[in-house]
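Questions regarding the structure given below will be posed in turn.
When the chains are written out, they are named A, B, C and D in that same order, and each has its own residue count from 1.
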Amino acid sequence: MAIIIDKDTKTIVQGITGKNASLHTKFMLEYGTKIVGGVTPGKGGQVVEKIEVYDTVHQCLEVHPDVAVSSIWVPPRFAKDAILEAVDAGIKTIIVITECIPIHDMLYARLKAKEKDIVVIGGNTPGVISPGKALVGMLPKITFKPGRIGTVARSGAVTYYLANSLNLAGFGESTSVGLGGDPILGANYEDILRLFENDPETDAVVMAGEIGGVYEELAAPFIEHMSKPVIAFITGKTAPQGKRLGHAGAIIEGNMGTAHSKIEALKKHGAILAETLSEIPILVKKALEGENKGKKA
Amino acid sequence: MAIIIDKDTKTIVQGITGKNASLHTKFMLEYGTKIVGGVTPGKGGQVVEKIEVYDTVHQCLEVHPDVAVSSIWVPPRFAKDAILEAVDAGIKTIIVITECIPIHDMLYARLKAKEKDIVVIGGNTPGVISPGKALVGMLPKITFKPGRIGTVARSGAVTYYLANSLNLAGFGESTSVGLGGDPILGANYEDILRLFENDPETDAVVMAGEIGGVYEELAAPFIEHMSKPVIAFITGKTAPQGKRLGHAGAIIEGNMGTAHSKIEALKKHGAILAETLSEIPILVKKALEGENKGKKA
Amino acid sequence: MRLYEFEAKKLFRRYKIPVLEGVIIDRNSLNELEKVTYPVVVKAQTFLGGRGKAGFIQFASDKKEANKAICSILGKSHGPFVIEKVLVEKRIDIEKEVYIAATIDRLEHKPLFMLSKRGGMEIEAITKHDPEELLKYYFNPDDIMPGFKARIMAADLGFTGNGLGLVAGIIFETYRLFQGFDCKLVEINPLALGKDKNIYALDAKVDLDEDAMFRHPELKEMGITARHEVGELTQREQTAKAAGIPYVDLDGNIGVFPGGAGFGIAAIDLITHYQGKPANFMDSGGAPTQEKLRAMLGLLIDNPKVKTIFGARFGGISRCDDWAKALVQYVKENKPKKPMIMRMAGNMEKQGRKILEQAKRDYPELFKDIKVYAVDTPIEDVIKETIRIEKELDTE
Amino acid sequence: MRLYEFEAKKLFRRYKIPVLEGVIIDRNSLNELEKVTYPVVVKAQTFLGGRGKAGFIQFASDKKEANKAICSILGKSHGPFVIEKVLVEKRIDIEKEVYIAATIDRLEHKPLFMLSKRGGMEIEAITKHDPEELLKYYFNPDDIMPGFKARIMAADLGFTGNGLGLVAGIIFETYRLFQGFDCKLVEINPLALGKDKNIYALDAKVDLDEDAMFRHPELKEMGITARHEVGELTQREQTAKAAGIPYVDLDGNIGVFPGGAGFGIAAIDLITHYQGKPANFMDSGGAPTQEKLRAMLGLLIDNPKVKTIFGARFGGISRCDDWAKALVQYVKENKPKKPMIMRMAGNMEKQGRKILEQAKRDYPELFKDIKVYAVDTPIEDVIKETIRIEKELDTE
């Protein structure tokens, strides 16, 4: 069982009749993802790529009660409501492709999901792939190969390059997770690291972070408690640092948010830092050989 | 230990600087009620009847952390906020004297209280008295005498006449509770019947109800499970029945709300019905002598 | 506070709940008929349901018919109400009628949205015989209705395609209106799908929370003001209303001067029980002013049907001394001739009794037929005494 | 989206958060000074803090002084910003200054209200040395702030009597503004108690959520529109902004034509790591149009500093075929002379590669310096190749 999605995981597509959503529904189906229904209000009864469209998530679940994952592709102004609909329907994992979701909307939606122990990934995530098994989102399948390395990153393209770099060196991925690029995210690094730590099909984890936000720093302490090696790659070292408006940000976040602060926090708690993409598979190899970590499976 | 308030129960008065509140603070203190503080925003530092006034409930509770009861005397538009303030401060019983609280306000405030297992009595309650021990509200002390009969009613004056009728026949009250006259109430008959049932100082309960609302009908089934006799007095038998607007009311409440429906429901579940006030003590006496109910204490 | 259909529809327009074009017409504005396009529906404006069955909803296909319909309705009585206004609306062809309502479930203490796939006249049958056909959706107080819930409801009503979004929007806005104006009820029956594929709220029932009116000054701007909802008022009831006193004329001869509404109701029951005939219901409200108390007494003294007066004051938030002062002042000024049998007990009783005793000493003649018992006389003895005196007067 | 103080204060007025009278003055509106009553404070309008220390807040007791102050501020640079406007406000005598702010705690994922009893200039010292002096109050998203919480906060700030209600009201309204306009930050520092016993928001910092602007058309009505916040723009940055492309000029000579922002940042790091010099940062956004892609290329080709171009497209939501079409179209139309070293992989790659191969066959001359590697070439080899070519050109 891969984390989050596996070959038998039943999924639905909210906003399936949109241009991107219908194209990627095709790709996902081709990859083998078990899409059982789509939802677009007012378009119930239509068919997209042979998949039945419903007016509401609830109607879809009446026919397919065992849906475990929904992906959300609706325009940003409808994202909050679409997430709440999936939460209300009790779908246990919600993967939010939609980008630029208003911050207050996302804070509310993620809280409602947390209250019901529902995992929300994104917004603005490229998606999640368990290579050779299933793909939810718009990750390009060509980049990913089955294997035993878990990856987690915020940026879509960086997710692809991570996997690409691993693949070129002969590794493959157990699951690759895009956390998403929006300022407020559902799941964060720690949530995904925890899943990989407990996943018998994962030997090591590569995490990529970037300047801005606090998610990398927040996850760092958990790495100490992991039995598996974590190789980290942080970008934005050469980017100019923006200035904060007012004092509130500094009060809450202190010195977090720079590439430097992230690298320091990760190093301090035992992550192995990579300088370049090509260095990543080298460090993974070393970690798996040199140390006795991650040999459980 | 009397129910709700006893001689050592520490209470506060929200809205203490108002005309009615300050007068009745005097009466309550004279009766022996342990009032330890008052609250009126912006009037912190003043003194009413030798009682210190605070700006917020929280400030008062910093000085008197063991407050168990608050009574609310603020104008109706501030009642919701005052109740929420007491709830937030964790006061376990809130007695709402204020009348004409907007329905939506009260629905919200009572839900927030319920979530924290806080008892709200009222709004528009005359208060609660455990004769000879303590009085919270504006019940006239002369009407009540210590004894072993619990009373519960919606209307203030009916509460007084119940007790008066009992007293003239030689009975007294363990506690008399006014549920309040507002359309939405915090505690209802069942809540109070339950307290009396578990109260070793109460032998029998007199409940008075009136036309309108559904609280009497809702409480009726509980009476079956009580070991103590319940004597009920329902008014409004001769009042003309109003007509409902629309169908929603009939759908939800069916035929509840008339004096007849209340009397039928109460009879059905074992309450003893009194026709007049003077009949009440006669029926109480009979019930206590004739049956072996309520002899626990 | 119940609204007339045309008033409720003003609120609907504010929330973009679609209603038909229409004009409101009374005796003085029959010329408004010039503005309408036929066919039309002529609807009596009244607070009661069952207008259709009573003949108060009529169709007209031209001006002549409309005029006839209006004249056959205006001035008629519907229950206790005299119909003063009709609403004349465009008539449309209907494909489907459903029922929606937002209200408060007092059993659950929660806001509730209700739907029925069968609306219009059928709702009555459903209420009585198939209540399980009604769909219920509970909300937590203060929770906003999520958009998806509105869509679920629209789907549950059987709408699809374009209609799904339209009806979901109406459900959403109906709930916003319900919350935004502190409503006890917003009922749309029927909500109709026209043959033109548009959706219309054909009727509108709104009941506002009187106690929340302070929050909605905009109602006044919209011409919606407080009203008496129980039918035509007697002269005395109008006087009472102007003085802010809840008062209802009954058929008897014993004037009832009670404290709050709760004992007001009990007193009528008890007087009836002891074979007396109460002349009125009245409510002093909490802590009435002396002015109000005097006005209350005036209503009874000035009523020629009233022979004796039964009074009761149990001072809680109301004070006995205020009550006594008002009584004395009234008697001094108006020198009433009717016997008053009363009882006074409770807060500030001692002070009140002093005032009464002083007055009895100063004006023995004025107070000779006024008895004010104390807490040790059962209230029912006072009632029986009142009835006895009334019967004596009756046989004189 | 950060607002200027004078814009933020427009929002404050909307929520009745008290601010001082003032006028906004630029080079063309010095005559506005006629409207003010002295003494005044002259404040540069800029997006950065630390205005006081930088001399951009000046006092003036008459028109002459005010003129002098304004002239000494307008046109000056504050960090990357050129000061174009000043706000001239009445000066008041201050008894006490506090700090209040509503913001989002991204660690806790919750809205947060913060207070400090010591406001104004002292807040910096508190932030650094006594952060425990800051009081924090968390809220659940979408929860309205209860009135009593606002009063607790006002009391915690040390206000009593009349001031308690005033400050509680300001806290309440600040939070309403924070929620109502989708703010990331509303900071008032200082919130001042004047010697006149009134309370004033002397400064105003508001940061809006760009992604929620669709909900707030009223901002435009208030004259508040989108702006670039990172300082004065270069000519090219202005062109990019007009085309909706996030773009920053850097100091190097390798043009970077990446996909999204995430890899854009990584690319700059990697070029720097391999001793190359990136000429820019750029972000295509998700699923860019062909038009946008061509505009992106144009920004690099037209930049004389750029010698070679590094490009990367990993098709996710963006499609390789769209990317290839845009590239071919641009090259055909503009016949660029600069070498382009690129890599294309991902969704619709096969289709994209076909388009490129066809173009190479049709226009071999135009495409001779354009290499587009595939997924089997590590991206860093493409970067290294770009740097190698750039170095060759450099030494020619």
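Basically, a residue touches a chain if its C-beta (ideal position, glycine included) is under 8 Å from a C-beta of that chain, and two chains touch if they have at least 3 such contacts.
Since the structure is predicted, the reported quantities are computational estimates derived from the model, not experimental observations.
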Whole-Å gap between the CA centroids of chain B and chain D: 58
Rounded Å distance, chain A centre to chain B centre (Cα mean): 55
CA centroid of chain B to CA centroid of chain C, Å: 26
Chain C, residues touching no fewer than two other chains: 142
Residues within chain B bordering two or more other chains: none
Chain-level touch network, classified as line, ring, star, complete or other: ring
Chains grouped in pairs wherever the two touch, ordered by label: A-C, A-D, B-C, B-D
Footprint of chain B on chain C - complex, ascending: 2, 47-49, 79, 99, 101, 103-107, 109-112, 114, 123-124, 127, 131, 134, 140-142, 179, 182, 184-185, 187, 189, 205, 207, 209, 211-212, 214-215, 230, 248, 258-263, 265-266, 268-270, 272-273, 278, 281, 286-287, 312, 314-317, 345-347, 349, 375-376, 378-380
Chain B partner contacts - residues on chain D that touch it in the complex: 146-149, 151-152, 155, 160-162, 164-165, 168
Touching residues (chain side chain A, partner chain C) in the complex: 41-45, 55-59, 78, 81-82, 84-85, 88
Residue numbers on chain A that touch chain D, as the complex places them: 20, 24, 27, 76-77, 97, 99-105, 107-108, 110-111, 124, 126, 137-140, 142-143, 153-158, 160-161, 164-165, 168, 181-184, 210-211, 213-214, 218, 235-240, 242-243, 245-253, 275-278
